[in-house]
Amino acid sequence: MNTQRLPYWLTLGVAVVFLFMHAPLLVLVLFSVNDSKFSMEWKGFTTKWYERLAERQDIVDGLMSSLTVGLASTVIATVLGTLMALAIARHEFRGRRAIEALLYVPIVTPEIVVGISLLILFMAAHFPLGLGSITVAHVAFNISFVAVVVHSRLQGMDRNLEEAAMILGADEITAFFRVTVPQLWPGIISGAMLAFTMSFDDYVITSFVAGTDAATLPMVVYTMVKKNIEPSINAISTVVLLATTILIIVADRAGREESLTAKKAPAE
Amino acid sequence: MAEAPYAGPVVEFRNVSKTFGNYKACIDISFQIERGEFFSLLGPSGCGKTTTLRLIAGFEEPDRNGGEIRIDGQLVNTQRPYERQLGMVFQNYALFPHLTVERNIAFGLEMRGTPKTEIPGRVEKAMSMVRLDPGLFARRKPAQLSGGQRQRVALARALVLEPRILLLDEPLGALDLKLRKEMQLELKQLNKDLGMTFVFVTHDQEEALTMSDRIAVMSNSRIAQLGTPAQIYECPRTPFVARFIGESNFFEGKCVERQGDGWLVEGEGARFEVPNHPGLSEGGAVRIAVRPEWLDVFRPDAVPPGENALPGVVRTVIYLGETLHVLVRVGQREVAVAVRNEGQLTRPLTFKAGDAVVVAWMRDDCQVLEEDG
Amino acid sequence: MTVRQRFLRFFHERPQLKAWALLAPGMGWLLLFFVVPLLMMFGYSFMPRNPLGGVDAGFTLENYARFFDPLYLKIVLKTLGYAVSCTALCLLLGFPVAYAIARAGRLRNFLIFLVMLPFWTSFLVRMYAMMFMMRDSGLVNSTLIDLGVIETGFEMLSTPFAVLTGLVFGFLPFMVLPIYSSLEKLDLSLLEAAAVLGARPAQSFVRVTLPLAMPGVVAGSLLVFIPALGSFLTSDVLGGAKEVLVGNLVQNQFGSARDWPFGSAASFVMMTLVLGAVTIYLRVRDAGEAMEK
């Protein structure tokens, strides 16, 4: 009996499921360059839907807003999340369980609940709604995420490295910056890129805390989808898909760099 | 005006204790390490030897009221590792993966503020000291090195700072046998050439016996015995030490009466003599350790006079090349006797499995044991 | 001693304080912008509604009582129904995918990356992609018409079928990854050993593969069930106004209906369902671990 190859019906079935998972997105990309407004037929290659995007002020503004919020919230969430990961990985303290539970709250809370509860808070505190409130919200859901990624990287790290630095004369601060951070860096970058992606793509939470004036790119896309305008939606969707894919590939590459556990050493 | 260098021991532990939560890792540890000595901490896992080393390094601090640690006479209980100016080689080398070999070795020099012009020269010198070709290895990263090479880099990194003490935490564990033996000799040589005090942690008793000037044998968070390799091997104080170092046979009995300057003991189905030892009294229990090489096997009719003799039956003879291990059943015990191999093809043993024989030793070729405690 | 040395020594002597100092900023943010809002929302759910928006002072259970109204009860049950169906379908489709990838040898990492890629892209864009396919003038209908299978397009959107398909499309990667993680440790030699001992492929599967995959199956089910319960975008984009789930209900109360207390109560009903699922998961997991001992 051959345990190597899978039965043909299984491979076929899995291929179909794979198709289901990816074909709709590929179709979008395809039709974003199709010179046809309503028909599903292929009418020739064109970039006009992308050109239309660039002409639209709401798209450009939305993109700018998304990038601003993304950058700001990523930086803050990365710093806070990394600090938390350091505390959890390297210290014994009472209340550890409570902190770990706190980190999991964002994960089990549905997005819509997060959105409206923040809206309640902001309104009650008379906190102005806009890019600021959006950034605050994005940081909140990204902290846990960065903390978990950096924490797992820390766990895989050799603790002796910091001790080696200390016996060589580096105090805690020097050891942290000269030894710990270079080791953590790929994990931090990876966590940061994923946090940026989550922020860039978020619709539900953002829509509740944005108020009337501010609009990020996903909010603009949502309006376009609801109003069912022309194929420019395909174009902007493709842009978003592409941007995210690139970010994910970079994050994945960064995270894989330099395994921290001792590699199998070459022969003597 | 330069201060006169401290003349006393370079490391001194006085009644040091270290507790982690409920667990006592070190209980009442006291010892002194002399300048230039090769001092080993030996014992099984969990005995406290690594914690002791880490106390010297400063990664752990003694308990409040947990004794005193002095380095060169100075009390260092609360001194941080980066203030102690020691060198350390870690079990898994702990080389900085993101730095090249030369940057690794230069790290300590940079921490000290050594002028940039001086650094390359000193790095090169350190690499030569551990026999790593600077031309070949300086630019490599740790991931590109073999285990033995990494270990040398770790050594160079510590030595380049010319520390007063070098701490080594089971540094040879990951190496294959041949390389281990080589490194043992190299380390011993470095210790003598540099005149630097080495504190070496190991669980391998053979390694400790080979390399050390003195050994502290540890068990259950305490020091069981402290002495030279000869003292530890030939005069083990407790059953634990006797068992842990080399092989030992244990015989027990009750003291019947004084005999000459020793005692007559009844036990193991016969009577035998033991040398005098404080704590022995008439009617009291006694336990001795006899190493296999101190025993001999004779045919029952050929026992030399003046030796202790226990009757038994040969169970098996194991051929080890240089020696033969003869396992003899004496009463309830299995006794191991190491007999020199005089060439089994030309001068074979005069007994074989199943024969009735006598196991004999000279009275003073034994060690009267105190209890483990 | 310099300031720096004093600073380091201070924290060295107080390790608990050091830990809390590192935790404080992040924890503070999470407490203030996660826990407090949730508590406020909980409070709001017990307060009467202010017609001008927001809440009046007071205490009332009416918001929760409204859930016994068949209209709202139906919504809750419908949501549960969708969540359960979606999870079941994801399991049915996702397990073979995870299994196939685990057996794929060197292609493993590439394939799992492909599976996870859509997961990271915008959920909104993915729902739009579904909408694009299933529209009256969309690709599926056009293709079927071109192939002569049907005469005119049939309405796919605004049906339970559309919502369910959208949910499965959206959450399938969440099921695949945990199962794959569990199966990753599947050593082909285990299966070979089973074969040598006389097991047929089906038996090997049940006795060797399935138990190994169980933790992943349970985790994956949870990772699909929870967001499915809380889903809003899928039914919004693909269900039109016809398919109303708890998520849509909540959004409505905070939007045009301006009934924040009721919306808060609905959120808590949703949260309760989620917490119920998590508790069951933890019990099952602990029971599984206890059985292994």
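A, B and C label the chains in the order they appear, each numbered from 1.
In this section, contacts are C-beta pairs under 8 Å (C-beta built on N, C-alpha and C of every residue); 3 or more make two chains touch, one makes a residue touch a chain.
Model, not experiment: these values are computed from the prediction.
In this assembly, B is the chain whose CA centroid lies farthest from the centroid of chain C. Contact counts per chain pair peak at A-C. Chain nearest the geometric middle of the protein is A, using mean C-alpha positions. Centre-to-centre spacing of chain B and chain C amounts to 58 Å, using the average Cα coordinate of each chain.
Each chain gets one centre point, the mean of its Cα atoms, and the points for chain A and chain B are 54 Å apart.
Between chain A and chain C the centroid-to-centroid distance comes to 16 Å (mean Cα coordinates, whole Å).
Under the contact definition stated at the top, the residues of chain C that touch 2 or more other chains are 8, 12.
In chain B, the positions touching at least two other chains are 80. In chain A, the residues that touch at least two other chains are 171. The part of chain A that touches chain C in the complex is made up of residues 1, 3-4, 6, 10-11, 13-14, 17-18, 20-22, 24-25, 27-28, 31, 38-41, 79-81, 83-84, 86-88, 91-94, 99, 102-103, 105-106, 108-114, 116-121, 123-124, 136-137, 139-140, 143-144, 147, 171-173, 194, 197, 200-201, 203-204, 208, 218, 221-222, 225-226, 233-234, 237, 240-241, 244-245, 248, 252.
By the touch criterion given at the top, residues 158, 160-161, 163-171, 174, 178-179, 182-183, 258, 260, 262-263, 265-268 of chain A touch chain B in their complex. By the touch criterion stated above, chain C contacts chain A in their complex at residues 4-5, 8, 12, 15-16, 18-20, 22-23, 25-27, 29-31, 33-38, 40-41, 44, 54, 93-94, 96-97, 99-100, 103, 113-118, 120-126, 128-133, 137-139, 142-143, 169, 172-173, 188, 191-192, 195, 200-201, 226-227, 229-233, 237, 247, 250-251, 254, 260, 263-264, 267, 270-271, 274-275, 278.
Taken together, the chain B residues at the contact with chain A in this complex read 57-59, 80-82, 84-88, 90-92, 94-98, 107-108, 111-112, 143-150, 157-158, 161, 167, 176, 179.
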